[in-house]
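Structures given as structure tokens follow.
Common to both upcoming complexes is subunit A, partnered first by subunit B, then by subunit C.
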Partner chain A sequence: MFGIQLAGNLLQGLVLGAVYGMATMGLSLIFGVLKVVNVGHGAFMMVGAFVALWVFNGLGLSPIWAIPAAFVLGMALGFIFFHTSMKRLIKAPELASLLATFALGILLEETVKLIYGADFHGYNWIVGKVSMGITVMPMSKIYAFVGSILIALILYFWFTKTRGGTALTCVVEDSEGARVCGINVGRAYALSFSLGIGLTVASGVLLTMFIPVGISPYMGGVYTLKAFVIAVLGGLGSPYGAFFGGLIFGLLENGSYSLFALIPGLEPFAMTRFFSFLILLLILLIKPTGLLGTK
Partner chain B sequence: MKKNMVMAILGFTALFGLVFATGAFGASKIVIGNPECLSGGFAKAGEQAVGGIKACVKWVNETYGGVKVGGKKIPLEYKLYDCESKKEAVTSLIERLITVDKVDFLFAPYSSPLTLAGAPVAEKYKKLFMDHGGASDRIFQQGFKYVVQTIGPGTSYHLGTLDMIRKIDPKANKLALVYKDAEFSRDVMRGAEKHAQTVGYNIVFKRTYPEGAADLTPILSDLKGHNPDIVLGGGHEPDGMLLARQMADLDINAKAISIIVSVTLPSFYEGLKNIADGILGPSHWEYGVTYSEAGAKKLGLPWIGPGQDEFVKLFKEAVGKDLTPEYHSAEAGAAVLALVKGIEMADSLDNDKVRAALGKLHFMSFYGGWDVDDTGLQVGHSMVDMQWQGGKRIIVWPPEAATGKPCYPLPTFSQKAKGTLCIPK
Partner chain C sequence: MKESKITKYYPLIPVCATYLALFIIGESVPGMWQLVAMLAFYCAIGQAFNIFLGMTGYVDFGYVAFMGVGAYGMALSVERLHMVEGIGMGVVFLGLLLAVVLATLLSLAVGAVALRLRGAYFAIATIGVNEGFRYLIEGAKLWGGSEGIVFYGQLAKALGSETASQVSTFWADVFVFLIAFMAACITIVYMRSKIGYALTALREDEDAAKVMGINVTKYKIIAFITSASVAGLIGAAGWALKLTNVFPPQVFEIHYTVECIIIVLLGGAGTLLGPPVGALVYGLAKYWLSVIIPGFQLFIFAPIILVVIVVFPEGIMGLVKKRWRGTGLGKFIE
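So, the complex of A and B:
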């Protein structure tokens, strides 16, 4: 019984972790290139969740179609926000960009609230389930998992096999050196901010495929916190590190429940957070730059 | 002549003293201050509460003619700030309402934690703090003097639910409690657990999930292994929806499922569709309850306020859209009516005198009965249980308030996904 439950929770955690990881890649990318901490991260995910809601409830289409739509919308938002605010703040003190992203987040929340109101929304996309013996997995979660893996792979190949991606990697390593080599660093900044926001908004769609309820203008806060933990775990500035950080976080969060449930008198769900953060601290003690982060 | 003069002076002094004693001297309006949740996590319930308060303030001013104090009718004025569903904003806004806006009475914001956060500030200034949406019993165990509740206590939420199931199916015995680790839901489940033991249920599972949990899969996988007949759970709106959705995802079926708060909101059905069908929710008020002036007369209780349909009309005007009022608006509106009755009984705007009057007040309105004990805890209001049946909200318990029969046992989630509706046989 214990073994089945543990295996089931680990499998569910792996699927959720992939979505968490994908949701954190944008945050890490923006920090890696621009050294900007996007504290409005969760609000951008919320925008993606509403795109999924609109595509499903408004257009009557599968939320899968919302992934490219959200990515394009996110890229556009990133482009606009970069040129109207972030561009001027790259060289400003860190607090200025921190507050600017915080303000952008609030702006997005209140704009969405004007359109959709303060209600909690959800959509009911039923595409079957797979009984795996150890657990039951809805197909919507499997699609979210596969989508997250595919996007992470595309990003990996883009970064390593294309000129644009290599240029961005150079800017992450040394922006001054990249400039000397003829890379248009300003354009790299704009591209990475737009790409980071595009990924984040798209991840909001994937998240709703996993959890299609609780969609509200203020839903982002909890995911901002998780994304920061995952980004630090994986190594701030490393999008792939963020992805693996997400996988580990999902496994720890879900898997540790079964272990704590064996101890009488404990509330196992509350302990999963304690355990996740304990592991985060241990990893940072051993490797302060995170799993895949570099100095 | 001299005698007439003395009589005139005495008469004037008596009148002057009376007006001063009421505290209504020169008062051209009675101001109610309210830090309410217009944004943040409780914005939906806050919107409902504001609509309910505005509807009843309008009724008092335009239909009732104002609040009678010191021989004259004084209108109510409603001063509102957005507390953003944050404790720190509640405390600072209450200070502002008292010291800057000089309001006469305070209304608490929605929810138990925010009511608990604001109460000490209201106590410091000896201001009456009308609690319309803080159900936690703990609020009334702190020794506060000025907090007066209209929403019923959290511990009473599931009493009717358990009685109903016991009556329909005495063999249903395995009870599971899965709920948010928060003040209000802990109270609700403490009350449910105590009542379940009294009635003779066997509690096979009792676990909490933390505030802000985004995925309940681990706790629900654990629950599934216990194969319960009845599941009681939830906390507030988003996690209640999540609980129902993920129970469906994991095929966790029970004969009855009751979830607090979120089930009573229209967004629950809109977001979950067939998954929501058949799920029960305890409610303080539902459209269709049969409280009336005639009913109050039969019970020997004074009646105040609009009738049910009039309240719905006033509520829709107040929010400016075709929004259905639910219990968060009704309890907030009823708190306005209680305050009006309290002021009139005290014939004063003095907060201590009004508080004392509220302690003796027992009345009925569209919301139902209203009576508080010495601590300010609501003891005169009865809850109902509602159930989604084919997309409609049906009051199923108690029998005297029911608008339909309960659907029991629930179809399984797989049956519901194939189109089976939860309609009573």
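So, the complex of A and C:
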């Protein structure tokens, strides 16, 4: 009985993990290229969640349409933020860029609060369910799963097969060397920041396809923290590492929930949050380059 | 010019004058005490946070966790010890002591992992500390779990209800003033000693400092633990003793860390007078904004932070210090 429950939970964790992984690729991309940690990460995901809400409730369209909309909005936000502030902070001490991204996050949260208020919102997208023997999976979650994998694959091919993508890879490896080879590093910074924010905002939509409730201006903080754990799991700065880190994290989170629920006197939901923090510290302690890191 | 023993502590004068002026205004102008207490609280957290952030340049996003465990130290002391015969005010002092002990222990645990890391990795390691500790308390149902600790009744039992209300409405704030003063003294002593010079070298270039034979890890740990234990005291006096309750979601709220960072950065990181100046500017602006447009403080502060970081990252006192260097006033500014 417990075995079936655990297996079902793990399957759910794998599906959620793909969404988590995709949601962390933007963070890792920005860190990889600019060496800037986006501390406002969750706030950008929150913007994506509200785009999904607006497309579904406001326009009456399927949330799938919100993915490209959120991506374009995210690219635009990234472009504006890069040219107004981030551009000047790349070479500054960490303190400056950390605080700047945090401030951008607050700015987004407060702007959304002005429009939608601080209440929780949700939407109800009914597209059927699939019984998988050990668990029942709503189709919306499967769409989110497939969507995440597709986006990750597109990004993978873009990075390895196109000129722009390989140029970015070069900047990640060695920005000075890339400059010597004639790559416009300044443009690579702008592109990767916009792309990273675009991916992050789009991932907010996928997240609401998995969890369509609890959408509020302040929902992002939890995901910032999870994204850090995932990014570190996969080796900070590697977008694909982040994707696999997400899968591992989804399994760990749901698996540990099932185990904590067995122990009397514990609050399993809060314990999984504590557990993910422990994972973060352990990895930073033992292997800061991440489980998949090679350096 | 070699600085004599006394003149090198001159920069304490403007800081003490600021605190004294605040205290006198709060005492003599009716209805001002609440505002002054808030400003003193901001001065104290800014001054305490500056010991670590200002001197090392490392960003500790989990700083509020030390204030949180400090608040728990006070709450636990009052809750568990109030029935001890004749304990009286001792319960409060034991609470402050326990706050320092808990904050030191937590900072040792966090520092052991996080201080081995640099820059971005350090910030990531610390950003989860407050959340992690909060969920440990809630998840393992430690120290009252998510229900927190409410201890006004116990405090009144230990001190008598009249003294208890005096302590929570007046003496708690006086403690905060004293802690702010103490933090300023620690800052100047550190600045004028080997610790300060080592940390300056570390902040400018950690690798070079290491090569020069400076034990950077040792000095980082000293600054980290000092800053954390003062935070524990502030949590105990400014939160637990003042409010006579502790709830995990409130005392581990990351926005307090952000307020610390804003205050230090606005005033000037690594300067002595910076935190009080930043605290006064930030506190008064926040108070004023909450009166004229309630609920929009953060909406206005976020762009201000961005402007400060991009346009003048040295902060107010950083600029003043540069302008006044070498003049007669210069030796009062640090």
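Please note the rule applied: the second predicted complex is superposed on the first by the 260 of 295 C-alpha atoms of A that agree within 3 Å, B and C clash if a C-alpha of one lies under 4 Å from a C-alpha of the other, contacts with A are read in each partner's own complex, and residues count from 1 in each chain.
One rule holds in what follows: a contact is a pair of C-beta atoms (placed from the backbone, for glycine too) under 8 Å apart; a residue touches a chain by one contact, two chains touch by 3 or more.
These figures come from a predicted structure and were not determined experimentally.
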item: First, second, both or neither for A:165, with subunit B first and subunit C second; value: neither
item: Which superposed partner A:31 touches (first subunit B, second subunit C, both, neither); value: second
item: First (subunit B), second (subunit C), both or neither touched by A:267; value: both
item: Which superposed partner A:278 touches (first subunit B, second subunit C, both, neither); value: second
item: Partner chain(s) touched by A:89 [first = subunit B, second = subunit C, both, neither]; value: second
item: First (subunit B), second (subunit C), both or neither touched by A:110; value: both
item: Set of subunit A residues, in rising order, touched by both subunit B and subunit C; value: 109-110, 113, 221, 267-270, 272-273
item: Residue ranges of subunit B touching subunit A (in the complex, touch as defined); value: 38-41, 43-44, 46-47, 85, 181, 207-210, 212-215, 217-219, 221-222, 225, 237-239, 241-242, 245-246, 249-251, 262, 265, 267, 270-275, 417
item: Subunit A residues within the subunit B interface of the complex; value: 1, 5, 8-9, 12, 16, 109-110, 113, 117-124, 126, 129, 135-136, 138, 141, 210-216, 218-219, 221-223, 226, 253-254, 257-258, 261, 267-270, 272-273
item: Subunit C contact footprint on subunit A (complex, rising order); value: 31, 35-37, 39, 84-85, 88-89, 92-96, 98-100, 102-104, 106-107, 109-111, 113-114, 221, 224-225, 228-229, 231-232, 236, 260, 265-274, 277-278, 280-281, 284-285, 288
item: Complex contact set, residues of subunit C against subunit A; value: 53, 57, 59, 61, 113-114, 116-117, 119-121, 123-125, 127-129, 131-132, 135-136, 138-141, 145-146, 254, 258, 261, 265, 269, 296, 298-299, 301-303, 305-306, 309-310, 313
